[in-house]
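Next up: some structures, all given as structure tokens.
Here chain A shows up in two complexes: once beside chain B, once beside chain C.
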Partner chain A sequence: MGLLSDPSRRKVLTGLLTRLNTPICIVCYLAGIVWFMGLAFEPFTLRTYMSENAMGSTMVEERFSSGERALSLAKEFDAHKRKAGGMPVEWLVKAMQSRGLEVFTQSFSRKLPFPDENKERYMVRGTNVYGILRAPRAPRTEALVITAPCSPGNTNNQAVALLLALAQYFRNQIYWAKDIIFLVNEHDLIGTQAWLEGYHHTNITGMEYSPLQGRAGSIQAALSLELSSDVITSLDLVLEGLNGQLPNLDLANLFYAFCQKLGVLCTIQGKLQRNDWDTAEGYTHAAQTMMLMVLKQACGRSWGDHGLFLRYHIEAASVRGINSFRHYKTDATTIGRLLEGMVRKLNNLLERLHQSYFFYLLPSLSRFVSIGYYMPAFGLLAVILLLRVSFPGLCHCFSVSLQPSSPGVLTVLTPVVISHLTGVALYLLPVHLQEMAVEHFPVSETEAVVLTAIAIYTAGLALPHNTQRLLSGEGTEQGWKVLKLTALLYLAVLLGCTALINFSLGFILAVTLVPITASITPHMPKALYALVMVLLSPAFTILYCVFIYQELIEAPVSVSEGWMLFLSVISQGILDHALYGSLVYPLLALFIYPCWLMFWNILFWN
Partner chain B sequence: CEIKQLSDCLIRLLLDRRDGTRTSEALTPAAAARDEFQEELVIRPLHSGDIYASFQFRTLWDTDFLQEGQKVSHYRLFPKSLGQVLSKFSVRELHISFTQGFWRTMQWGQPFIPSPPGAELWVWFHDTVSDVDGNWKELTNVLSGIFCASLNFIDLTNTVQPSASFKPLGLGNATDHRFLRYATLPREIVCTENLTPWKKLLPCGSKAGLAVLLKSEKLFHSSFHSQAVHIRPVCQDEQCTSKAWELRQTLNVVFDLYTAGQGKKEWSLFKMFSRTLTEACPLATSSKVYVDITDNPELFELSPATPLLSQAVVLGDRRTYSVFDLTRAETFGQLRSLNLLLRWKGDGEMLRPLLHAERYVAGFGLQTGEIHTVIYNNHPYRAFPVLLMDSVPWYLQLYIHTLTVTSKSRDNKPSYIHYQPAKDRHRPHLLEMLIQLPPHSMTEVTVQFERALLKWTEYTPDPNHGFYVGSSVVSALVPSMVAMNTNFTQDQPLFSSFVPVKEESSYFVRVYTEPLLVNLPTPDFSMPYNVICLTCTVVAVGYGSFYNLLTRTFQVDEPSLPLAKRLANLIRRIRGVPLLT
Partner chain C sequence: MAAPLTLLLIVAVTIRAVLFRSSLAELISARVEVVSPLNAWKRVVEGLALLDLGVSPYSGDVFHETPLMIYLFHFTVDYAEIVFIVSAYFVDCLSCFLKPLDRAKMAINSNYLKSDLLFNFPGCCELISWFITIIVCLCFCKFHFLCTCKYTDVRLCHQIADGITALALYLSIQTYNKDVFRKQKYALESDRYSADCLELLRSPKEMFYIPLKVAMFYLLNPFTILSCVAKSTCGLNNAIIALFIFCTLKGSALLSGILLALATYQSIYPLTLFAPALLFFLQRLYIPVNLRRSSFWFFTLQYAFMYVGSLVVITGLSFFLLGSWDFIPSVYGFIFSVPDLTPNIGLFWYFFAEMFEHFRLFFSCVFQINVFFYTIPLSIKLKEHPVFLIFMQIAIISIFKSYPTVGDVALYMAFLPAWSHLYRFLRNIFLVSCVLLACSALFPVLWHLWIYAGSANSNFYYAITLLFNFGQILLVADYFYAYLRREHHLTHGLYLKKKDGTEATLVLK
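Moving on to the complex of A and B:
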């Protein structure tokens, strides 16, 4: 600080910053990217460890042995499911009752804002069945949840059956200190959402449901099971939840510890762990795993039934059985034991899981990057925006524009307001105009919504700079500088807030938005820079993410398939917002896109 | 320790002798022999397949020590430790219970003696007591020593004075609730260390009589365990010329079909308690085992069979009991031990209790929430009033204007509301309401609250576990099943059944809801050192220098001239020419 209190040295410093502004920005950008990519390099990451005392040192012996019975139960369940043409509610109620649980049902219905073409549903009606195992010693104050979705077709029969087998085994034990809720939900996430809203007696998404009859106090943790075959080769752990929320890292540690103990192959993002971190392949593998997590987290949707629990401060994860025709097989008994061990350790918890990290990235199951390590990568990108604010003339013109005689503030106000109105249109119109669109064009409702969104997005490009010229005539040199200053600060705040809540989303947006927004002026070749700006706009970012994601899960797609996926991603994003309250769509439509439009405005200032 | 006991004994002997000489007329052997001890065990097979065993030990003490000038120090059957406590703190009535687990009303019906999870203590003091709060404080500390429980955590922040819910059960017509104190500790964990002192209060200890069955390894291998002590004044004779003291020790336990019964609906005394009965307590005037056989023989069979039957209206329902009198030798048969065996034959259908209540916290997040209390009246055609009592700790700040009571989706106006707002760190909220429950309905009481941010020393050592809110209490006079069945003429003469008898038409029930576990906003206590270091650094380096920068004005110093120039200037000044710079 002595540096700053000395005026002459301060002058030198500011001189240096203004003179070397562009090189410093470029260095910061590159350093940010390199830092981020370096996070996947094993020597830079930390080894995961169990922080929670209650789960670490206590010995648990697994004795679950009725895996075979679970598999025959799966066949029975399948038969009843076929007969009922959906969820066999009565059979499930009887099955749970005969195992000594208190059984309750909840019916729910939900009309989607527009038909979901991926899952082919519009009017959804269903029933959740759940049984509560009352802990012998506890007065219904704490609970654990095990859920298995009842999916259409052949999938997930084994999960429901294993759930019932576990219920039967657990019921005969005396050591439970927390009630255990066994939930079989219909219509995957919608059912879970209805149950959670019913349990907490809230209504945030406009779901219609019957009130719950039985409760078991505050839920401490939840596990979601997805098994579709009798034997599996590996278990995949899914952590990413709604709005990029993650469960406490101890839950992942617990899963990893039991996989190690029982010798089960475990994966994250479907990728096995490799030990050769010092080779190029080893590093690429870790980087791919981390990139997948970043992409999944950034899209803000719930990647399994567990994702919706996180909003209610319930630590939850999905365990997904994968049968990939490897030689190494694991039977249902072992999976049952794994779950038994996990539930018993969660049962030992004296407090909510809080010891370990809530903000992390996982390059593999045994390595993690904590918030302290990954935040600098974002910080290096965000600092560019602040450096550009001190760009020669920008600072100066702001103080000038505040003088009453200058028209600066007013000229800025018009584009800001218009950009945001476009954003509001992008947020509201697609869903509300679908009927009109269907009447006039030969498209389905879903297509109508997505295409309206794209149309408004494109129309927004033409709108603001024209109106600006219409309203206040020729733009002045000072005007665009004030606008740029405002837009830069606005973007810095937006990205900063986003990165705090959902690092991945903030980082991806920063990577694409920062370079162009930092360098934009009206004096550039318009056509070329317009093309670059469009190619780095939020919509194209989504498109790139779709392609990168497909590449990373080793299912590359052609351009036309990618385009179709892009359209479905948009419709899913809007649906996620309406059904579960995901915030990515409103964030992009109401804030990021208008902010980008402000920069677009600068390019076409004159 | 032994020396202390010895000296205690000596003192007691001395005191006895002194009192004996002074009040020798009053304490004739005949008067002392009026003390009485009864023991009783009721076994009720439940429809869920579980089994409910309820012990009651009743000691009657024929002395009124609260009378002026009467000092009693002779104890025969009544435990001295309790007697001294009663007289020292001028206690009129004392009820204390320790419970592990939660009574499942929906599956098990009503218990004989209800109790909330954790510890509950309510005491009526004599109206001569001037400093009730002081007495209460001392009493809880003494009791916590007697029962090895953390009753010393009862203080003014969790004590309330209910105005209507807890009336004296014994003699006397006290209505001034200034002399009543009520507190619960929902977090209290009950285990063997509470059972042992409780057993020591019995005249026979656990040496003989029914108490031999009370083995902790079995009692705590159950899904419900509750032990209680109730002391109250009762009449000595029919004319009620003088008072006597009654001590009732109760122990209720429910054995689980799956965990204790290996899934077989077959119970015996040995399977439940790993003991059989061989004798009655020699000090007991009556010692009986009752088995509820109302559903016999359709549902289960009982062996050995007994010709003794007894009928009673219990909790509004006419029940038949097989009675085994332990004071008679033939009860034990040739093996000289009694091992009752109950074997279920079919599945009973679930009972639907007429009154039942539950409670939960709605909402999410750490700022606000809503407490929902749901009360069910399952009576098909009769409405009845209930008294709801809620005691909520101060750190949940209730918004009492959001209080709503709805039945059948219509507003239900309570006819009586007693609300005492909380004072931060001094006393809890107390809410009592008299609500009319329409027939066959669900009544929901909701009130919103905000979670307070505690001072950092006020958090418990495990702050992330959450904070407990005690059970709410629903007290009611419930119309009985017997009165409900107006067509019931089988066992009764017609003239007796047209107008329902008053005593049988309704019965008193107290239902406790589950306690709540509420999370409060909690700082991260795991890293105070890091946080202190970081904040100190930020304040010292960052804030300090920025403040410096922003508040100071800077001026450029004239650089001092070299020596040669200064000398030249000196000469120039003398000469009167302009100076060099």
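Moving on to the complex of A and C:
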């Protein structure tokens, strides 16, 4: 408190901050970026370790041996799938019943707000089949879930077959203390969503589904299995869930531990771990892996069936089999053993997974960066906004704006309200106006939605400052300073809250928004700064992310392909919001974009 | 002045009515920041149901309102229309009662009538009753449209409570400003202020809008709106405290004593407001605070008697209404021993959840003493400025009470415009407002991460609670310092010089 109450020291501090404001801001920005990039450097990260006692010290011996039988089952399943032209519900029910499970089905239907062109679906109708293996050893108050999506075509047959083989094997074991639910869901995430909502008696997305006939206890953990070939070269672990939520790190540790034990190659973000951290290639590799995780987390969608479980406080991860051109192959028996081991350890849990971290970034499977290490990177960026707020000219405005009768507050109110109304339009209109757009223009519904969104976004650039000028005439010097103060504070709070819920999203937005918003004034060359502002606006951020993502997964795209991908990303974002309740689209449309418009207003103040 | 106030009331009522009807109302009424176990509407409904069944409402461990409150709601629910009419007449009578007092005061001060002209509202009491009648009529109409379920009309009760609080605060600050201006005039005439502090003096022009701003700060504060929409009974407690301040400033010792007793009965802590009220009356009656003077003791005993007497009457009344003393442990025991550790914006829950059971008594004493302890030093330091002392006390109560909600915070924040002349001496106001703003946004975010996402834990939420309270304490301390500093400058001159002629700085130690 001495620093704040001693007037002479205060004066020195404020003098320092005022004089060196710009250099300090630049240093903070660069330090933030460097800190973030440094997170991938191995000496700065921690080695992963198993925190959960119940899973760590207990020995488990894997005995699953019916991998061959699983593969023949896969062929049978494939044949039935082809015959039924979708999910062979009756065959699955019979197959599960014959393995001694309590089997139930759930039908669901969902009309998408507009056709999904990536997956070619609009009216979705399907059935989930699930079987419950009751625990012989304990009261049935807790459960585990193993799920395999029944995908169209001949993908994922092996996953369903392995699921059935595991069910048969598990049925004969006596050590289960938790019910195990084997779920085969249709229409990937929509099916999972319907099943989870049915299981928890909620309805948050307007899905129509039949109630579940059989339930087990509260679900402790879930594993989703995706397997499309008889042999695989490596297993990939997918963690990113809805709204950037991640499962407890112990689940990743568990997977890694069993991969090590059984000698299976394991990857994360499709990237193998390298041991040469001290070389440039080694570092780049780790940085790429981490960047991929950041990009995937930032987009807020669920990257596998597990992502929706996380919302219900269920730790879940997807395990994806990858078959590439390596010589070293792993057969179905080993994958089965791996899953058996993981489920048995989860079965030993005495309480929910909570010991380890929930906020982390993974530069490789054996290294992690916890919240305490990565938050400073964001903090360094956010502090710039606060430094600019306390910039003396602005601080003085604060005193003026304290008096509600002064004109400052009212001149600020107009642009704030107009920006937010534009944001509301961007949020509501695309989906609601699609029919009108389709009537008048030669486009499909999906294109109509995306193009309307882009049109409103662009129109927003012209709208606010023109209306502002019409309403209150020439802006005053005082006016823009108060507006900038409000906007900077607003942005700081907004980014802070975003970074807490979804660090990656907050960080990416901060990287692009902070430099321009911190330096903007009306006295700059308009054309140049307008261009820079547009190039650093939220929509362009998404575009850059699309290109960087494609570059990182080693599938670079040309500009036109990138543009098409950008359009599909927008439509997917809107769909994710409507179908699963992803929050990225409303956040961008209702808060970030209006906030950015406020800065746009400042540039064109007079 | 009447037109903006009416407009303000209508805007405030509209915002609340819209929120009441939207789906947000349910969400808000479940927020731990807005409702506490003491004042949650859900619990009142439970108590009402028990009462209807003929069971003591305190027989479960859910209901912690005072008996008078539950009977008030019981009555409101059953005889809503009568209550509204009666309350209109009640306010009418109140103002009629106050009017002669006003007149008497004016007669005393007739010498200074000219200077007072700007602030003088001989008809202000009629105006209040007029406004309240308007609200009541408004609500009455709404009652007929909105009354869909049994407890719907209780919303109006909360709206009216907010309206009354704002009006009471408005009139109190108006009275206070008149007082301040009169005193300033005296001091100027008797040359008590130093010559170079003219710019510190307050002008009628800048004081003119302050009462309106105070009402606005209360009615349009998001905290108040949330609290009202959640139907937290905190709004009613605030109304009682605001009426108490109003009666005190109007100089009615009896009503002030009764309302203070009512406020104490509601939630114990306003007990500490006894000291400022007493100081105010002593100052008003020109009785010096001197322990050897019999007039001092005479008035103190008189006021204490009125206070304790009404407290006894009210408690006795509750006993006769309820037929048992169940409510004492259930209300006051609940406040003191803090058995409900639901997280809130206060400092208690985390500590009490963490500590060993055998330290509980010791720590509840230590924590509770905070509220009461500051009364003594503050009363000594601020004995010349009882109204500022009231503000400090309310702020301290809302920071250190065992189950604070944002509604309590809103009450003392409403006073901030009244001290707008202190702005030039405030040092950390900008930092503090940023902290409070950020915390208000982070509360729901961290709650979401802790309870729904399961990824954060209680430490995250408590960190924000600590920061929020730190911000509040800094705010109050800053205002305290600024107030003292202004007083110092008024007597010693604005531009202080050290002995060697350089500019001096004031340090609070």
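Rule of thumb we're sticking to: the second predicted complex is superposed on the first by the 599 of 606 C-alpha atoms of A that agree within 3 Å, B and C clash if a C-alpha of one lies under 4 Å from a C-alpha of the other, contacts with A are read in each partner's own complex, and residues count from 1 in each chain.
Please note the rule applied: a contact is a pair of C-beta atoms (placed from the backbone, for glycine too) under 8 Å apart; a residue touches a chain by one contact, two chains touch by 3 or more.
Computed from a prediction, not measured in an experiment: that's the story for all the values here.
Using the contact criterion defined above for the overlaid structures, shared-chain residue A:Phe358 touches chain C, although it does not reach chain B. When the shared chain is aligned, chain C comes close enough to touch A:Val493, but chain B does not. Shared-chain residue A:Ser560: touches no atom of chain B or chain C.
Look at A:His313: by the touch rule set out above, it reaches both chain B and chain C.
By the touch criterion stated above, A:Gln245 is placed in contact with chain C alone, chain B being left untouched. Of the two partner chains placed by the overlay, only chain B lies in contact with A:Leu350; chain C stays clear of it.
Comparing which residues of chain A touch chain B with which touch chain C, the overlap comprises 4-5, 7-8, 311, 313, 352, 354. The residues of chain B lying in touch with chain A in their complex are 100-102, 104, 106-107, 117-118, 186, 221-224, 256-260, 263, 358, 360-366, 370, 372, 462-466, 468, 514-519, 522, 524, 526, 541, 545-546, 548-549, 552, 554, 556. In the complex of the two chains, the chain A residues touching chain C come out as 4-8, 10, 245-246, 310-311, 313, 352, 354, 358-359, 386, 389-390, 395, 398-399, 402-405, 489, 492-493, 496-497, 500-501. Across the complex, chain A meets chain B through its residues 1, 4-5, 7-8, 100, 102, 134, 136-142, 171-174, 200-202, 215, 217-218, 311-313, 350-352, 354-355. Touching chain A in their complex are the following residues of chain C: 209, 213, 216, 420, 423, 427-428, 430-431, 434, 437-438, 441-442, 445-446, 448-449, 452-456, 505-508.
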